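Right, one structure below, let's go through it.
Note that the chains take the letters A, B, C, D, E and F in the order they are written out, and that residue 1 is the start of every chain.
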Amino acid sequence: MIFVSRQEHFNAAHKLYNTAWTPEKNEEVFGPCANTNWHGHNFDLIVTVKGEPDPDTGFVVDLKKLSQLIRKEVIEKVDHKNLNVDVPFMAGKMASTENLAIEIWKILEQKLGSVSQTARLHCIKLYETPRNFVEYYG
Amino acid sequence: MIFVSRQEHFNAAHKLYNTAWTPEKNEEVFGPCANTNWHGHNFDLIVTVKGEPDPDTGFVVDLKKLSQLIRKEVIEKVDHKNLNVDVPFMAGKMASTENLAIEIWKILEQKLGSVSQTARLHCIKLYETPRNFVEYYG
Amino acid sequence: MIFVSRQEHFNAAHKLYNTAWTPEKNEEVFGPCANTNWHGHNFDLIVTVKGEPDPDTGFVVDLKKLSQLIRKEVIEKVDHKNLNVDVPFMAGKMASTENLAIEIWKILEQKLGSVSQTARLHCIKLYETPRNFVEYYG
Amino acid sequence: MIFVSRQEHFNAAHKLYNTAWTPEKNEEVFGPCANTNWHGHNFDLIVTVKGEPDPDTGFVVDLKKLSQLIRKEVIEKVDHKNLNVDVPFMAGKMASTENLAIEIWKILEQKLGSVSQTARLHCIKLYETPRNFVEYYG
Amino acid sequence: MIFVSRQEHFNAAHKLYNTAWTPEKNEEVFGPCANTNWHGHNFDLIVTVKGEPDPDTGFVVDLKKLSQLIRKEVIEKVDHKNLNVDVPFMAGKMASTENLAIEIWKILEQKLGSVSQTARLHCIKLYETPRNFVEYYG
Amino acid sequence: MIFVSRQEHFNAAHKLYNTAWTPEKNEEVFGPCANTNWHGHNFDLIVTVKGEPDPDTGFVVDLKKLSQLIRKEVIEKVDHKNLNVDVPFMAGKMASTENLAIEIWKILEQKLGSVSQTARLHCIKLYETPRNFVEYYG
């Protein structure tokens, strides 16, 4: 078993805001992250899959195909978007890095079969900033 | 003469949108950067000043004081903000990295005297992403 | 279960020196790391906690609070200090990155309850240089 | 148990080319990575070992000795080389990052005893580019 | 005047080898860089242009267009190639980073007019490794 | 004219302390940087030279030789040392990054002739931390 990772990136706006709360409570809990008019980040996304290398190619998975899959299924839906408003798969969820990583896992787990019959999704690692990041293993 | 630099960072939303143009023309010129509901970035800001080291301290400028100045005069006004909506010094200007760097120069050039009588502002370097950045020398 | 990480940094002096040994043996075992008058590093510290996201916030833990805890309980005690001389929690221990990571774990495991009732400490990752680092999972 | 890592680097040429296939099939499967006249990378190699810190040194392993071992047993054999042509331990194998990481594991697992009687090899992490990397745990 | 930069990257094989010299002299002068079967690098290329921001766009140059130009005119010709063998514009020249930067300058200076009538090329910065790089200003 | 750079690194202890002042004044001016028992950093040093590429080699300067010169004349004198106590060329000077860069310039300007008859020293860039750095051009 070997683990293979591909890093992609996207830029997005968001805010942390619970619509069931008053503005005051949002401000108290989330501070500047609740700014009414949004803020944003350069997100870095690392997708890790696991499997055995194919003897004919030496690959667990073709990273060009994995990159294309991530771009088509994830990056195109979040890049230069507002995570609270523009992204159907985040509708009704707090736009936290935790929730975003979990939803990206769900999407890629379903679609990974289109680039490899044998590799399995292992980890979604998502950097909101170089100092704040999350990891999800399903 | 020696050049001394301090790096700070902030997270902000923006869009590239000329209100004198139709939405179609904005979309044509700016593409996804014109997204109605904004997108955002982790900006990195490097401020460079120049001067002679003071023999008593070895410093051109006390970098703790320079950092405090940048945070008070720039970072607090742009961090976790929307550059098009929330930032008075960007009002009426396109929210490009070029214009943002020029405005940050104007602010810091006026205020640098409060941290050093002898150092002069040399350069504002502003990263919008790790791959896109601008430099302004006044 | 999702894993959330926060990176902080500090600058410190230290030496690797076993006081039960002769200077010659220290020099033989530790080489330049045993330099009598110390050397130092910019340390990077990554603290990882794990838990379920709170549905109201989307957070496993509020990273602002986790950052404040790390700064108060760890960074203030080691930043701009001498790890062999100035840091009570390292007294009587070799000032290696391994031992420093273990002691930071002990401190944060005890205090994490003050920022979250449900999150648990998962890993202390400590970079002494960009090329040398340790990880401790308790 | 604590995990200690050392990063080294090397520069090498390679191509992805299965000699049992036609040139057309290689081009179809590997695209530009099959370029007849090779391409190359700056590889970053992170070697992680695990064990208990020695009370006399504070070390799981002396990182200077681990670095020397990696350089002697791995880096000297691949740095400024062609992975398909010049490296005996890759003979007959596809020159993928996956296979390279597995072979490096085999070499270092055999030799680690020469720098530590107690530490065990934990992970070989190999970056082909900053965006493509693999991890192997034996 | 403001300076705007875009970073791209490519992977290539090369060797430093003067065909007018004996193999022994090449080995003596270039050491492992003269390895017969090539070695390679992940190159990072930073292209800087200068000009005044357009009041309608806030741009000195549209970085998407600059990126497309660099990819079409430079990256496609060197990425996953052998700099000594596969790249017409390097024919007959030593494949040093210095010479590569000078040739990239010549190409982009000629073509920059297609993305901006007013911006001028300022600098080609080329990293062969994170520790070795060159800058050329024409 | 082309500019060629080489990055090296060293780890050192220091403090900012003016022995002509009282401890109180040092504490007031330098804050934690004046800590009696020192602190330290991982310094990154970038040395830039300028000249014309030699047609026979494609080199302005052989970077292996420049690296060896920097290591012999600078790194060996400061690495794993205390900049205030162990480094003769810093005796009697405040151990600031500014002063350290100026002294490194003086050393390398004198010695550069031993690796190249034609290249001239252009810049010493010295990072004390990733966020604080100086540049000196003689």
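We adopt the following convention: contacts are C-beta pairs under 8 Å (C-beta built on N, C-alpha and C of every residue); 3 or more make two chains touch, one makes a residue touch a chain.
Note that the coordinates shown come from a computational prediction; the quantities given were computed from them, not determined experimentally.
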Original post:
Among the chains, which is located farthest from chain F on the basis of C-alpha centroids?
Top reply: A
Original post:
Which chain maximises the distance between its CA centroid and that of chain D?
Top reply: B
Original post:
Between D-E, A-C or E-F, which repeats the contact pattern of A-B in over half of its pairs?
Top reply: D-E
Original post:
When the centre of a chain is set as the mean of its C-alpha atoms, what distance in Å lies between chain B and chain D?
Top reply: 42
Original post:
How many angstrom between the C-alpha centroids of chain E and chain B?
Top reply: 29
Original post:
Among the residues of chain F, which ones contact at least 2 other chains?
Top reply: 130
Original post:
Chain adjacency by touch: line, ring, star, complete or other shape?
Top reply: other
**OP:** Kindly provide every pair of chains that touch.
**Re:** A-B, A-C, A-D, B-E, B-F, C-D, C-F, D-E, E-F
Original post:
Taking the complex as given, what residues does chain F use to touch chain E?
Top reply: 1-8, 48, 53, 55-60, 62-64
Subject >> chain A to chain C touching residues, read off their complex >> reply: 16, 18, 20-21, 29-31, 93-99, 101-102, 130-137
Subject >> chain B residues within the chain A interface of the complex >> reply: 9, 11-14, 32-33, 35, 37-42, 79-82, 85-86, 129-130
